[in-house]
Amino acid sequence: MRRKDIVSEGKVKHEVKQKRIDEEKFMAMRKSVLSLWPTGKEVDLEEAVEYQKSMPDNKNFCKVIQKLREEGRTVVFPRAGTPLVEDEIELVQTLYEAGVPLLPCTTDSYTRHLQFEKVEQALEESKKSGRAMLNGYPIINHGVKNTRKVVESCGAAFNPRTSRLSNSLVGEIAFASGMTAQPTSFFPWFGSYDKTATLEECIGTSQYLSRLMGWYADQGVIITSDLHGWLPNGVFPISINVATIIIEGLVAAEQGVKSVLPLVECQGHLAQDIAAIRVTPKLLRRYLDRFGYNDVIIPGTSAQQVPLFAFPRDRGGAFGYVTYTCFVGALGEAEIVSPRSIDEGIGVPTKDAHVETYKAANWINQVVRTQKIKMDNEEIETESKVLETEVTAILEAVLKLGNGDIVIGAIKAVDAGVLDSPFPLNIHAKDNVLGVRDSRGACRYVEFGSLPIPEEIKEFHRAKVAEREKKENRKMDYYAAIDDFWAISKGQLLGKPRK
Amino acid sequence: MKENPTVITGTVGVDAHVIGTKVLSRALRDAGFNVVELGALTPPEEFIKAAQETDADAILMSSLYGMAEIDVRGFKEKCLEAGLEDIVLYIGGILGVSRHKFADDVAKFKELGFDRVYPPEADLDAAIEDLRTDLKAKGKL
Amino acid sequence: MRRKDIVSEGKVKHEVKQKRIDEEKFMAMRKSVLSLWPTGKEVDLEEAVEYQKSMPDNKNFCKVIQKLREEGRTVVFPRAGTPLVEDEIELVQTLYEAGVPLLPCTTDSYTRHLQFEKVEQALEESKKSGRAMLNGYPIINHGVKNTRKVVESCGAAFNPRTSRLSNSLVGEIAFASGMTAQPTSFFPWFGSYDKTATLEECIGTSQYLSRLMGWYADQGVIITSDLHGWLPNGVFPISINVATIIIEGLVAAEQGVKSVLPLVECQGHLAQDIAAIRVTPKLLRRYLDRFGYNDVIIPGTSAQQVPLFAFPRDRGGAFGYVTYTCFVGALGEAEIVSPRSIDEGIGVPTKDAHVETYKAANWINQVVRTQKIKMDNEEIETESKVLETEVTAILEAVLKLGNGDIVIGAIKAVDAGVLDSPFPLNIHAKDNVLGVRDSRGACRYVEFGSLPIPEEIKEFHRAKVAEREKKENRKMDYYAAIDDFWAISKGQLLGKPRK
Amino acid sequence: MKENPTVITGTVGVDAHVIGTKVLSRALRDAGFNVVELGALTPPEEFIKAAQETDADAILMSSLYGMAEIDVRGFKEKCLEAGLEDIVLYIGGILGVSRHKFADDVAKFKELGFDRVYPPEADLDAAIEDLRTDLKAKGKL
């Protein structure tokens, strides 16, 4: 059952540190990766670059976001993928016509586990039965020729989503097919998806894709990497997430990536979320510049609603949460919002649930952005300062640990608990930290573990937590954190104590 | 008859949703159980191995990603083969894909050999009460 | 078919001006009103006062709103009513338990047209068939004894909604049954419901109910009047609505009403809507004080989403609009928000549609109010100033026309078009005005008619409209107004020109 | 054959929703029709009276409040009695209560004698084209 032996970047290994993989090594790695499945042969980098260059601006993820920023618009980035090429074409055309200029290409679970023979069977069955027998688009089995048909079928720019195992080969096929973005994030793998992989292994996998993007960039084709960071499982101040986004950005930049898109997790507190939407790209820019990656573009920002919390299971509450997130994202002037569907708490969303969700989201986005509302108040300012101070302190500690090498630093920082996040899935994470909300719903630390948060900021958190403790006359501990974790699904920001 | 019965927890198959099983494990520990916490992404065989090694009284499995049915087919039979005929088997989480009736899950997983089946957002105190009842009935508490 | 001969206040008339109806006259009027249907006999004012006084604070509309204000909460005010007493009890209990502390009691259409025999038949049929054969609760036929059972069945405070014709008798039965609020608004009747009645007739009807509330107040029982004003049919600056709310407040106060609740129509532009939520109670207070009604309480404010516009007919868009309105109301710190249901654009809402709507609304209200967000920016300030200036100018013009008598002034102002609103239903309204949105979605005048708007404010409107004209390179006229009217239902704030 | 045919508009019964019929009336006027605008809350008999008095070619009725069916029962018959056998009858708006299929409205109101039935948010330009077609067919344009 353990698949640690199968690595998506093939059998050839490189040394994992903050250093560009050298050309020769990279080409050897590519050979190994492309040999994982016959469609790998369809990838011809030179021809792919020509193909990419022949495409108009609306097919380039980076350029589309830059245009959205210019126009002051916010759009939804949905999740979608279906097994057969013809169905996928219909799906992406429908979404594009519904006003979605940026599209994902979500792969299926077999692809994610590199089980390509099973995909073949399932495709056969899908064709025969007329029903989708896979939960996504098997991009590797379909290969470049077929996937180009999908890409060319509508005016959107594409961004595939897949697993760590399949990341490298999916990227090869996707970019050769005209897709122009993909996550190079390694912290989500570590924190949320992969139980036993070390951070070093996760970074290693990620560097391949970044290097591939870098190769395209060298030839003048800008492919965007979206940066997710370590996802907070539950109520937790966002500074670790932001710091790890920046680490991922630096790692991508070193491999030659020229466009990075930070994905900011919105946790429900308006001032904190708007602060994060503003501070994240600002600090990312600062650190990129500091290390000389001045030519790396940050085309915009995406406000995310990754399922951090249990989602409301009633349709009313679900729409409340979805629209609220869009409201905050649009007020924060993010170019993209990524809400979950209203069926999030129930199961895999139906097509209707998808469509209704995006219509509600677009309603809010349009109506809010038209108004160009100025959002500034003391709280946003305070939260911005606190976030900036925390992220800076964390990053400096990481750099120190790595002696200036951000990769080495990150690996050591995880071992030392200098990077830590609650409820991690990975056995190598420390899991010594915890967050709760304060009495106005802002996320605060209650257990700092070994996080390098400056003392005066710790005091700030403690005071806020104490305020709520006094107000509610109970301790803010693990149990309170769990109550807060459930709150959003019950239409509240603050958890009520269980009887 | 034990004072601190031993129970095994974890999410089965390639399900990575670890939060629920972590919360459940802590609640069981708080309630005085001896908890062997296997965490997420645990193959069915590992549950059995752990149960054998620790002489466990119950397995509380979680699954949220909708594919539990496939993961636990034949699990009861393997328990029997492994000599765990007496072990209490619970499962909880989101046990099917898309909108569906929880009652169908209950029927399906009881058929598959589970003693009790829990819906999302299940009340853990009530579940622990159930566990005590079932363990008492089997003379294990 | 014309029912102008049947007047709800019975056959006895009073002189319509800003003067309290004298006791003797009022009692004669009451006798006539109560004789309209046998249950009128159940009303015994002295006993009713005792009954009202025996009830706890949570049954009093005014006190509930004051408490919400203290606690910094926003709640939904729904619409609901069903014919049979037992069903109505079940309904109000359900809503109360769902977290709604203020409940309407919506009457059926037969009651609204004083067709009490038809009600009797329909009640019989409802009992036999087990299906609701009336679209509301026939409060007059059920009478005081039955209605007290409804009022006592849960912890909410009640506010009946009915028509002009039935207004007086419904109030008599409702207050004697323990209900503690009702609209005394006459402008909606004039502007939106009654085609031929003059404003004088509408005011006459309204004064009866205000006097009745005043009578209760004299005995120490505070009954709240909610003030709606002249509802804008379509995109139209809110100043006429606010000015007419204040006129209604003054008229109610003169009759002895001691608690008035302004209902502010939200039109979708955040800065304007928040400005209106703040300015309306402030100006209402100022004018009440100016005329010596210092002891009249304004317990809070309600942010409304009366169906000014065609509503989105798709569920996603409907949830977008509903939650957006709640968001604005909660940011504005209104104590009440009154969104329409998500079925508004479709037809009479199902019970599910009601429940889902209120759950979404409450999600937003709770999450936003917990945060105590400070909303202040230049635009809100500007819109507040403009609104205050306009409303003051309009009210001063009305007072001048009436030589200090606000009732006479209002009647003359309507004839002169000094009070006017687009798309009126009433044949006596001038209909010489029009509004459109500016390029950021704020409502502006394009045709001022005879409205007494100060010249510099007119210039402000003209400049904003010109800006949009330039941007879109088309004239902002009647056709643009119609495009804007449809926009909200299409997920936009600004209408797009029809091809 | 007329250059400017005369048409009657208004909402029928005790329906107070006046905006739609106002918009429709203006569109008809812009399109060159001679419009007799009865406004909201118009009893069915008044439509007939107005049609007789103005020798109208068509009646375009609106209703939004869901009770149109009751309001217009027998309307066609009354038109015939009044000698308006040739008049074009249209109706539009929200013609039923609660969620329902528009196709059912069409069937119902055609049965009741209307030549054409329009849904909410109907495209007025298309409706005016329909009207021209129908008037031409009857030799009235």
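Observations on the structure shown:
Every chain is named by a letter (A, B, C and D) in the order it is written, and numbering of its residues begins at 1.
The rule we apply is simple: contacts are C-beta pairs under 8 Å (C-beta built on N, C-alpha and C of every residue); 3 or more make two chains touch, one makes a residue touch a chain.
What you see is a predicted model; the values in this text were computed from it and never measured.
Taking each chain's centre as the mean of its C-alpha atoms, subunit B lies 67 Å from subunit D. Note on chain placement: the centre of subunit A and the centre of subunit C lie 46 Å apart, centres being C-alpha means. With centres set at the average Cα position, the gap from subunit C to subunit D is 32 Å.
Remark: subunit B and subunit C have CA centroids separated by 56 Å (rounded to whole angstrom). Chain contacts: subunit B has no residue touching two or more partner chains. Residue positions of subunit A in touch with at least two other chains are not found. If each chain is drawn as a node and touching chains are joined, the picture is a simple open line.
The set of touching chain pairs reads A-B, A-C, C-D, using the touch definition from the header.
Within the complex, the subunit B residues that touch subunit A are 14, 16, 18-19, 22-23, 26, 39-41, 43, 45, 66-67, 94, 96-100, 120-121, 125.
Subunit C meets subunit A in the complex at residues 268-271, 312, 314-317, 319-321, 323-324, 327, 355-364, 366-368, 370-379, 440-442, 488, 491-494. On the subunit A side of its complex with subunit B, the touching residues are 1, 109, 113, 192-195, 233-234, 310, 313, 343, 345-350, 423-425, 427, 478, 482, 485-486, 489, 498.
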